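Both complexes below contain chain A, partnered by chain B and then by chain C.
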Partner chain A sequence: MNDMAESAALAAADYKSGYKPVWCPGCGDYGVLGAVTRALAILQRPPHEVAVVSGIGCSSRIPAYTSCYGFHGVHGRALAAGTGLKVARPDLTVIVAGGDGDGYSIGGNHFLHACRRNVDLTYIVMDNHVYGMTKGQASPTTEPDWDSKLAPGGTGVRSFHPLVIALAAGANFIARAFSGDSGGAAEIIAQAIRHPGFSFVEVMSPCVTFRPEQKDWKQSVRRTGVPETGDPAQAARRIMTDDGFNIGVLYAGDRPVYARERAATVTPAELEAEFAL
Partner chain B sequence: MNPPIQTPSRPETLEELMLQALAMEREAVERYSELADMMQAHNNRDVAELFHKMAGYEQHHVDHILKDMSWPADKATPRYAGVWTAPDGPEVVPIEEMHYLMQPWHALQLALAAEQRAHDFFDALVRNAANDTIRRAAEEMRAEEAEHIELVRAWMEKVPQPDSDWAADPDPPRYID
Partner chain C sequence: MTAGTLLLDAAARAGLYGLMVRTSGPQIRGGEAAALLRLGPQPLATLDDRFDMLLAIDWQNLHRFADEIPLGPASLIVGDSGEGEAPEALLASGAQAVALPLKKTVKGATGAWVNMVALGFGGAIAGLPVEVLEEALRASWKRNPQALEANLTVLRQGFAFAAGLEGKRPQPLAMPAVAPAGRWLISGNEAAGFGAIRAGVRFVAAYPITPATEVLEWLAPALTRLGGTLLQAEDELASINMIIGAAYGGVPSLTATAGPGLALMTEAIGLAVTAEVPIVIVDVMRGGPSTGIPAKSEQSDLSFAVDGLPGDAPRLVLAPTSIGDCLTTTEWAVRLAEALQAPAIVLSDQFMGQSRAVVDQPPATGGTAQRLVAAANTPGYLRYADTPSGISPMAIPGTPGTTYTADGLEHTEKGIPSSQATDHSRQLDKRERKLMQYDYGPRWADVEGEADLAIITFGSTTGAVREAIARSALQGVGLRLVALRLLAPLQPAALDRALAGVRQVLVVEQNHGGQLLRYLRSRYDLPGRATGLHRPGPLPLRPGELTAAFIDWAAVQGSREGRA
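Moving on, here comes the complex of A and B:
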């Protein structure tokens, strides 16, 4: 037990802001907030050295609830902003967070290229298979037969498989976590932050309002029983053949991480001057 | 979660047992406070107040443990892993059980289940205690949890039972049924 002792210097609570979340009571995103703050406490990274960048959606509210630097940006553009930030300020720990609508729909193209660039940041998607904020439309990860007033009989469209797409596109670390296991998710997020390159953590985070049946995920998820692999072919097999309920690290690779080759040639003040009216 | 994430670690010393208990009580304080905030944000004041009170009771337990062990208020506790058999600590009310229209009776029902789990946790430690010192300490904590169970039961007698349509909302957030 001693190896688990946590240094008392910074506690998870030190990474929470004074703003109280307005998520629906019971929303999985509370567990993700808990996991992110616990992960930062594990790493003992001071809040002013961390930036949390998001898009738009219920889940994308998360930066405001942390005491880190935050940027609640434009729908689907969180990864573009986060990538720019990390390249300009490599000293910061950059966490990009948002929903499945934000990241896989409108932001789907940014997702592919962020994996491919392999910039050293951590991307957390709080996946509830629905657009929560805009009241329950189907998202790319929604099951094709999910019946709702907005998609009677289901969309009939095959679901997006973010983990295998991330692997194919070049992400260096791929994991699945569960908001109802906030402590376990914290361990995974801490490992993702430590791992060099683009780390992708897909967190199953139930939307109790529009997908109340997702409360049952708690009964289905399980820790993956196999050790993590750095072999993409093995990881692909595992990801493609699991039932979507295995949580843990599914791939931890050593693909070359993006490194800025040239130093900046202009200062921010010079850049700003060009736009002065 | 199925199967259990970790097997519980059997405390070998009194210090280990009390660290587990401290972690468990702190988790309960944290969760009840979080639930109170959730309800406050949704203007469900009665339930928010109830959860605040529960957080206060659990804080008494924390203070009690710290005093008994002569530990400082910021005593470091074990991080997640190896302590509980489930993702949440035994005394924690699951977040997904919340409903914005829930009533004090529902909240007490969840609190009762949490106290029962805490009781069972210490009961298991009593039965598997590594030595007499640990057994006696675990018995003491089991007795405290039993007291809590009675307290919550008595409290439930005093609050109205919800009507069957307690969750009906004339202006519901979801229109997809």
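Moving on, here comes the complex of A and C:
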């Protein structure tokens, strides 16, 4: 077993399809692609046993850039598609990925219910606090005073705190990563995939085109010095009081994972008896 | 409801066919409700024009059902002697009122129910032997044995009241000598669920909605026992995308809903079309649009099902033509969806879905079509290969050497997003071709008779139409029946054959706008001057009124012919 694993060891590059991404030069999403492929190499999971599921947005283009099975669905419904896939095919490793608009706005309801359902999958949000694909509108994580064509002078609406919401809704693993620290993000994503249940990784991924100021995130982020906690109260305090630039695993819980009894105890023909007179 | 269910069960035990339709007032629970039964020696797919007997436990709000429970001078209205006169709206029919001591009979009999007295009486009037009624009650009993005895006693008392009934009474049914084998007692919603399972569905995600919920309630434990899963989703946007995810994973998947849920699913149905993922949506139609009339039947989602998607989006639309056919058609829909890697919508409705009937065991002839799966390590694998049949092998995640990304964006044969005109037309052609070229066989419609005047219909209306055609024939008017089971893609060549020699057609359906007529006209040159006969729900089209309308219509066509 060991020999085989060594001789056939998969490198991060083996998880890339080789298609040229549509992303702008410098987009944070390149770093996320690098982190996901490195994480899979850490886990040595064969690409054909991994499915990457997404919605719509710049970030949601990620499945086709991997050499895994991919599913690029409709805007906001990636978690639903990923949930159906994982429940029907528990043998696969399922990674759901997308943007902050996709996951927190149009897909917000699915986010809440995916957290509480706790199906064993990993959800990566590439958060750039903007709708990149539709060219620069405010998303739920955009600051209230950020000026845009659709909301001159800002939306005036308070931004959404995905990590607190995930914790309150029951996510079993919560982490923050930074696309500019691809190696660190890879470690976090690998840990998220290994962790049973719904694992949520919020990756700060700059949109250099519509939020050029996010290039400064590099200077602001830091790896959190404290070890992860399994205590939701402690995690809540930590998440609520940090400045949004702490990178690392913030919560790792042990809630029961959504699972269903699978062995068949009847055949369809046996069910007929119920109707026969 | 309990008495109705038991009466139906007793009739089935006695070897009769039967149909029980449920109807209720606007209350969510505990309000007035009526079980509408028709019993007879032949299979029954529709209620009759009149009821022979109305058995009322009390008169409360009964007038609300006056339209749904037509009575005539030969009918009985049976009520409790302590409840006073029957409502005027019912007596206006000229029916004979009968007062029975329903409540008095159960007084002092601990655990006995009023409706069991009514069951005994009703069963006797229908001509059922008392032993069969007792047997039905015993078989259904799950409580304590003393109360069973009390109920059996009052049931017998109710039965005895019928013997003492004075005046006219409906003709009792003749009992078959032997109870025949091979019959089922089933509702359309259960039948749809079982059809799905027979075709291999092992994943269902859905959000509850009237009148589709029973499909799910039946499927939930059945799937668990079969090693599958039913997942209650947060909404229909989730349920449809969940089944797409599961089907992409290789597991045949289905959801059930009604109009409001179907509307929410629209975008994802388009995804299933483009990404070529097989899914089945059972739409148990109710009064629409919007929330409409949730617990009443209507055939008004047809236009939406066949045409209601953005983009050019070929999809399968099927409709069962009876309660038993809910099984066969759903099974067929799953197999077609799998074989064609396309979404299929099954248009059932509240009438079929929530009614129970004694049916001949539905045939398991839904076909054996299967998904075309790509072999491991296929060299140069092209997920959306533009094959002559339009069907391209689908790689199932977990298979080595065939990874690809399924995409709702227009794409190349390989699945890479593309906005080029050539790729777009090529894939549009492919997706249309696979549905158009497929050989659907004889199941596309029920075609009966050779007359040169034809009635075209679909769904639950077929039952009343078929009966009206039989009655018209007794009056010397021959009509051909074409009941469409495969609504989309429409089958022009098969329609040509089915309508060969037909001079005129009449299109019958239960909706306000004549949706089937408009659909047929938009896709097919109907012979003669096609006209429509359509009325919205909630009142069913009844065989008597249809017979009268058919005979009038045929007469007009005849005189038109004479003038020509």
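By our rule, the second predicted complex is superposed on the first by the 253 of 277 C-alpha atoms of A that agree within 3 Å, B and C clash if a C-alpha of one lies under 4 Å from a C-alpha of the other, contacts with A are read in each partner's own complex, and residues count from 1 in each chain.
Operating definition for what follows: a residue touches a chain if its C-beta (ideal position, glycine included) is under 8 Å from a C-beta of that chain, and two chains touch if they have at least 3 such contacts.
All of these numbers come straight from a predicted model, not from anything done at the bench.
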### Query
Of the partners chain B and chain C, which touch A:202 in the superposed model: first, second, both, neither?
neither
#### Entry: Partner chain in contact with A:220 - chain B first, chain C second, else both or neither
first
### Summary
Overlap of chain B and chain C contacts on chain A, residues none
### Task
Within their complex, state which residues of chain A touch chain C.
19, 46-49, 51-53, 56, 61, 63-64, 67-74, 76-77, 80-89, 91-92, 109-110, 112-113, 260-268, 271-272, 275-277
### Task
Can you check the complex and tell me which residues of chain B touch chain A?
1-3, 5, 9, 16, 19, 30, 34-35, 37-42, 44, 74-83, 87-88, 94-100, 102, 173-177
### Message
If we count contacts the way the header does, which residues on chain A are in touch with chain B in the complex?
### Response
1, 4-8, 13, 20-28, 30-31, 34, 38, 42, 135-136, 148-150, 178, 180-184, 186-187, 206, 208-210, 215, 218-223
### Touching residues (chain side chain C, partner chain A) in the complex
12-13, 179, 183-186, 190, 194, 197-198, 202-203, 205, 222, 224-227, 229, 231, 233-235, 237-251, 253, 267-268, 270-271, 275, 358, 361, 395, 397-409, 415-417
